[in-house]
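The structures come next, written out as structure tokens.
The following pair of complexes shares a single chain, chain A, combined with chain B in the former and chain C in the latter.
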Partner chain A sequence: MKEFNIIIEICGSAGEGTISAGEILSRFMSGQGFEIMSFDSYPAEIRGFGKCVAHTRISTNRIYSPGKLADVLIALNDKHSISQLSALKENGLLIYDSQPPRPHKEDKSVVGWAKPGMISYGIPLNMLAHKAAGNARGMNMVALGAVAALLHVDQHGFTDSIKVRYGKKKQIVIDSNVNSFLEGYNWTEKNIKKIDPHSFKGMTPSKQKEKLIINGNQLVAQAALVANLSFYAGYPITPATKIMEILSRELPKHGGVLLQTEDEISAIGAVIGAGFGGKRAMTATSGPGFALMTEFTGLSVMAEVPAVIIDSQRAGPSTGMPTKTEQSDFNSAVSGGTGDCPRIVLAPTDTKSCYEATILALYLAEKYQTLVVVLLDFFLSNSIRNINIPEKPSSKYLDANIAPDKNDLKDYQRYKITKNGVSPRAIPGTPGGMFFSTGLEHDVYGRPNYSEAGHLEMTQKRFAKFNTVLSEAPAPEISAIDRDEFDIGIISWGSSAGAAHETVMSAQKEGINASSFSSMMVSPFPEKALIEFADKCKKILIPELNFSGQFASFATQILKRPVERLNFITGRPMASEDILQKMRDM
Partner chain B sequence: MPFNDHYVIIGNGPAGNHAARTLRKKDKDAKITIISDERVPYYYKPKLTNFIADEIAKEDLMVNFLNSYKAKDIRIRLGQEVERIDSESKTLFLQHMEKINYSKLIIASGSRARVLPAMSRYANHLKFVTSYTDVMAVKEEIRKAKDFFIFGGDLVGFKFLRLLNSMGKTVTILIYPNAFWPYNLTDNMLAQITESLSKFKVDVIVKDDISIIDDKNGLYRVKTQKGIEKNVDMVFSFNGLIPNIDFAKGSGVDIDHGILVNEYLKTNVDSIYACGSCAQIYNPSIKSYTTSIGWPNAVVQGEVAAFNLLGDHKIIESVGRKYFDLEGVKIKTIWWEDIDDEV
Partner chain C sequence: METIRSAYLDEKLEIVKNIDFLKYRSADLPTWCPGCGYFGIVDAFYKACRELDLKHENMVTVSGIGCSGRTPIFINSYGFHTLHGRSIPVASGLKLAREDLTVFAVAGDGDALGIGGGHLPHVARKNINITFLLFDNSIYGLTKGQSSSTTPYEMKTNSHPAGNPDTPLNPIKLALSYGASFVARGYAGDPQGLKQIIKEATLHQGFSFIQILTPCVTFDKENKTWKNLKEKVYDLNLRKEEKNMETAMRMAENEPYGVGIFFQDRQRPHYQEILRNLNKTD
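Moving on, here comes the complex of A and B:
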């Protein structure tokens, strides 16, 4: 089987079915056995007709990142697509409406801006949509039909996918969409002389077992449900809202409770309250919401109450750019807030690990009686992958509370000093298990205590948890682990890790001896493993999606050596092409 | 902001490209745009057969690479078709309904394959080797096919025949005397060409015509009026070229077979010039319009059209080879000079 890799982008205005078309394309290709990764970008404003882009990468091989430049751009809207041409490869295919309803003024047509190496195929999208369904709504399906014909994709399989997508709609809707697709397919097959090399012919992989097509937010919600989440409180915010939407529907079915609060402060307060009451509880938010929660996060750590916060980062500061991805909450997640406030921070590196991280977060929060922050970002929350159906967690992860035994309850010390910092936790109502709980510094019973020795002892206790937490984290992912020395080592975190790993594969093909390192657990950080890795590397590169190099500064403190930084705040996910270019320049 | 001229050139062949290059040399500030319905940059059409045979790669086919347009600040719009010209408002209407205003216009849209009227009903069965797009559509098929039928027999047709022969294919050719349109081969010429072809492994048919082409089980059955029947994989038509000028109809520009221009390559409309194989050039000495073929002629015409558009008064002259060799028969490439065909 030949290696096949293609990126298709659909660009339109909100309401033109751009995202739906991308979804159908992804589902169909996944059903054909391809690996897919898709990522939509859309305007933050709920009203209006802003630019939407559905980006889908399709491959016969494992996909690590969405890729930067598209092979095919389907322009449903000329105005928006002109700027999107910069994301099309120099020899990419442009599919545009050759018979729009009104004439364009000079330079207002997307094809007028196509670079000379690009191959433009004009399809009368609007006209064919009217012919198929009497209106222009089916332009997206006409365009999909045109792409299917151009790339030699099986039309019958595609129409089945359309029927599935609109299966719950009225028959006339299904028929309109299928007919629009067929109009586009047949017209293109008859009228377009293909001169580009892109073709799915002979590329279809052998059928694999059924895969789940899902994004990070959906996986977080699914993981929370299988990990016995029983309470969720939250306030809607992009890009985390979907988690709450799903849980509002599903959590009650599992016997849980969802509370929409008046703001994020209230939400984290409710989560800590539920955690105190012995419930597995979490909230999901984004940077601005996380900032509001910061004061309360200290309470979770000080009072040793389990709490999980999912922070899906977006471009900031403040309201920032709600629908653009960024990795700029690292500092506030790892060290935001008051006092010496150790907390566990997990940063999933791909869609699938959003599931694993959520289960781990609920487990660790409960076991170590502390705050766990899971750092997603807009890209991880919204990018869609086809993955094997994830396994349910073992019983170990479902009930991790260390309850006091009879001896403990004889003289119950909620904050008893232990070797690993974890004290038996009595759930309120436990006979003999009464205790004080407060945000003030306290003694082993929870009573306020401001003595020098007491504060030191309790601070040490809270930090002692870090010593064992690391052993619970998945081992760092290191590529080309069998080699002893590398010219360049890439250290990455969160959603940039996929691009870093992919870059290493490309770099090795170019003869650059490189490796990559990433860890899902970023607080506490596996420092020993990082130092061992860095010692093998002549140069270190740290790519991340923030301006100031937050993680690079953090890593430099551990490594005590200079590192090369690569920082982007474009609002787009990290691209392996950019990392590779930086490596060539190093 | 000062107003700069916008020179638009329709066509991305030798005439169009040399016109654009000349305009840029003489006017550094003007906006220059080339519009072409082909989707690839300026390439050597005469080398298309070499490309089919994989003797050269796509890169070797290219004359101008894309960065050369950028370097000269010439905007090139490929795969975009001009639908009509409104010469009064100096506006081009593109097929995708974009309107482009021009100050002055050069039409260098070249030619396309001529389909004989009697053959138009078989158009779906016929293949051509006129453009890169044509070739890309048939290249792989040619490699796999064994039996070919060629009818007509213009310059490219005979070159293609040689190529198929070198690839070990079985070829039948039906020669039309008027395939080298607008030129007609004489009986004498026809006899010499037939004789010349005898060194190849090819069936030559003359003084006959096609009566039927039909498609059966992936094969084409070609039957001539004299009853010769061939079952082949592919049927190619080589019957010369006709000017590609449909978009100019109704624009007010005078048209015969091609765009009519004077010896300065100017049309009857003030701001519009034409050059290359789409133009019919007036020859004062014979008081008639003539056409030209061949790369060198197109190059010179493109340059002259550009000079004159900028205010010069250059008269077009023929250049390069004055004859093409058609299987040993020399045929003149220009019709406005007093030279004879040579047999």
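Moving on, here comes the complex of A and C:
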């Protein structure tokens, strides 16, 4: 079957139904058997007519990244769409309102800004919406109808999707949305002479297994539930709030407790309290909240109490840009805080691995009695994919505490020195297992101890966990692993990994022999595997979404050789087009 | 001589062994200064535990940082010495995850009302079922004599040698207005009375707040000294019908040295009960 790949963007003002139109489009396409990835960008303000963009990639093949430039731009709002034209391909398709209401004389139509190679179709979106439902609210549906007609999409299937989307609403709402869609569809079919090549005709892929349409935040919550989470404490913060909202509904059904705390310090404190009680507990936050939690991260490591923090990164220091994506908490997650403080950090590389990382995090925290940070970002938290329904974890991942046996309890040493740094952990309620834990340096019983030898021994114990933790990490993802030599090796992490893997394929077409490497576990890092990979590469490129190259600096220390860096702080996800451009220049 | 001495010790040891509340004491010797009020507090605590017949393995004492932070070391149970000001969040999470445990949180005045002051309103209004002991000596002891949130106005301290410029907080008034369902004041020099309050607080289903007046013999020579406290502390002797919010607030304002239970609301459900009721699926 022919390869088919299209990116459709809908641009409007907050409140115009931009995001819901994108959602309906991706749900419908997923139902048709396509791979989809959608990512919305919206302002941090709830009201105020800010710019919203629903970006959807639809493909017959596996999608690795959202893609940078759109094939189709649907302009619901002229003002915002003018600035969005720069994200439309040179030969892209512009669908605009040909008869918009003009409250101000100086308002101009977006079509005046279209570049010569672009194809523009004017549809009276506003007028048709009024015709269908008596108001402008259905404009988004009119636009979807127009697109469906232009791209030869099955109108009946599409209207079914709309009915499903508004299924719980009043009949009048369903009807006016469907009517608006049909109005746009019929008008376009009758009045527009199609001159572009884009068409879904004959592109319907074979139906696959039932897919889950889901984003990273939803998967984190789902994973936590299947991995026996019993306590969650959190404080609302974009882009992590949704995790708390889902668990607030679901956790009590599983016998768990959700606590909304007064701040993030209290949230991680409560998580550590529950962990001390032997229960699986976690919290989710973003940069500013993670900064507060840093106070407690050291206690988790020092007192060896399991704790899981999901940090969904947003852009910039301080409050930064709450609804923009960035990968700039790497340093803070891996080495933030005081003292020599080893912790496990996992950075899922795509939507599905958010699920795997959460299960792994809860398991590793419990087994190694330490802190695990999972680094998501705004993009992973919010971008929507259709994926196969994820498998339940095996029993190994559900109960991992190493409890003291009878012998241990004769003279119970909570912090007994062992080869892998893990000491049997008594849970309160265990007779004879009573112990005292502290954030102070301590002896094997947990009693404060500041001796030179004691501090060294305990520090070594905490670091010793790293040796075995690495063996539990999923193997690094390496593309074209069978070849021995590469002109360029791309080393990436987190959400940039998808774009990196995609670039390797497009580079191949241009004759650039490249490979890519990424590891979900970034602390401890699989250094040996990284060095082995780098030894095969003439040049190394490290693309990431931060200004200073935090991961590149980290990797350079391991590789001890110069690397090329590629850094973006646009607030948008990594694009393979940009990596490829850089590779051409290298 | 040897034998006499040994017999004497054996006899005394036998007596000590039979004081069964000492089972709640750990083998570790307290690091507090001789004469510290905290000895009186833990003495009352051990006795309350004994009279309630608490199982050692089902008790957890959570502390913050400061002289009071060491308390869990001296209790024969599970203990967790956490961070400055944070005993309340940790104890809350522990209790909510493990309803079967009896959870105590302890903190000093700087710990609970200064750095950790943000947590008190919320544990109180949520009515999380833990017992909170505020060791209030009105001074930072472990850092050697700086003003705390309850140091009297104009008192000379190491951080304010010219006199404390800050108006002190009134812990009982705070606890009452935050919505604590059990509010009491005890005195380290009256272990019997304090024991009774700790017992009532532990039995109370909900957040119990106990302010404990106690001297810092090393860094406070003028305010809460043993001499002053002995003279000023008295039993409020509130009758049952007087334990309402209005009387409690008035007492809190006017009676800084009155000890006893100021307020108790037995009807209000604790946090887990509230959650269970709200999440009930019919």
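Just so we're on the same page, the second predicted complex is superposed on the first by the 581 of 586 C-alpha atoms of A that agree within 3 Å, B and C clash if a C-alpha of one lies under 4 Å from a C-alpha of the other, contacts with A are read in each partner's own complex, and residues count from 1 in each chain.
Quick note on the criterion: a residue touches a chain if its C-beta (ideal position, glycine included) is under 8 Å from a C-beta of that chain, and two chains touch if they have at least 3 such contacts.
Fair warning: this is a prediction, and the values are worked out from it, not measured in the lab.
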Checklist entry - Which partner does A:96 contact after superposing on A: first (chain B), second (chain C), both, neither? => result first
Item to check | Chain touching more of chain A, residue-wise (chain B, chain C) | outcome: C
Next on the checklist: One more residue to check, A:193. First (chain B), second (chain C), both or neither?
Outcome noted: first
Item to check | Contacts of A:4 with chain B and chain C, given as first, second, both or neither | outcome: neither
Checklist entry - Which partner does A:265 reach: the first (chain B), the second (chain C), both, or neither? => result second
Checklist entry - With the two structures laid over each other on chain A, which partner does A:42 touch: chain B (first), chain C (second), both, or neither? => result neither
Checklist entry - Thinking of the overlay built on chain A, is A:463 touched by chain B (first), by chain C (second), by both, or by neither? => result neither
Checklist entry - After superposition on the shared chain, which partner residues are touched by A:112: those of chain B (first), chain C (second), both, or neither? => result first
Checklist entry - Which of the residues in chain A come into contact with chain B in the complex? => result 90, 96-100, 102-109, 111-112, 114-122, 193-195
Next on the checklist: Give the list of chain A residues in touch with chain C in this complex.
Outcome noted: 230-231, 233, 252-253, 257, 259, 261-263, 265-267, 269-279, 281, 295-296, 299, 303, 428-440, 447-448
Item to check | Sites on chain C touched by chain A in the complex | outcome: 26, 28, 56-58, 60, 62, 72-73, 76-83, 86, 88-98, 100-101, 118-119, 121-122, 272, 275, 279, 281
Checklist entry - Quick one: in the complex, what on chain B touches chain A? => result 39-41, 66, 69, 76-81, 93-101, 132-134, 136-137
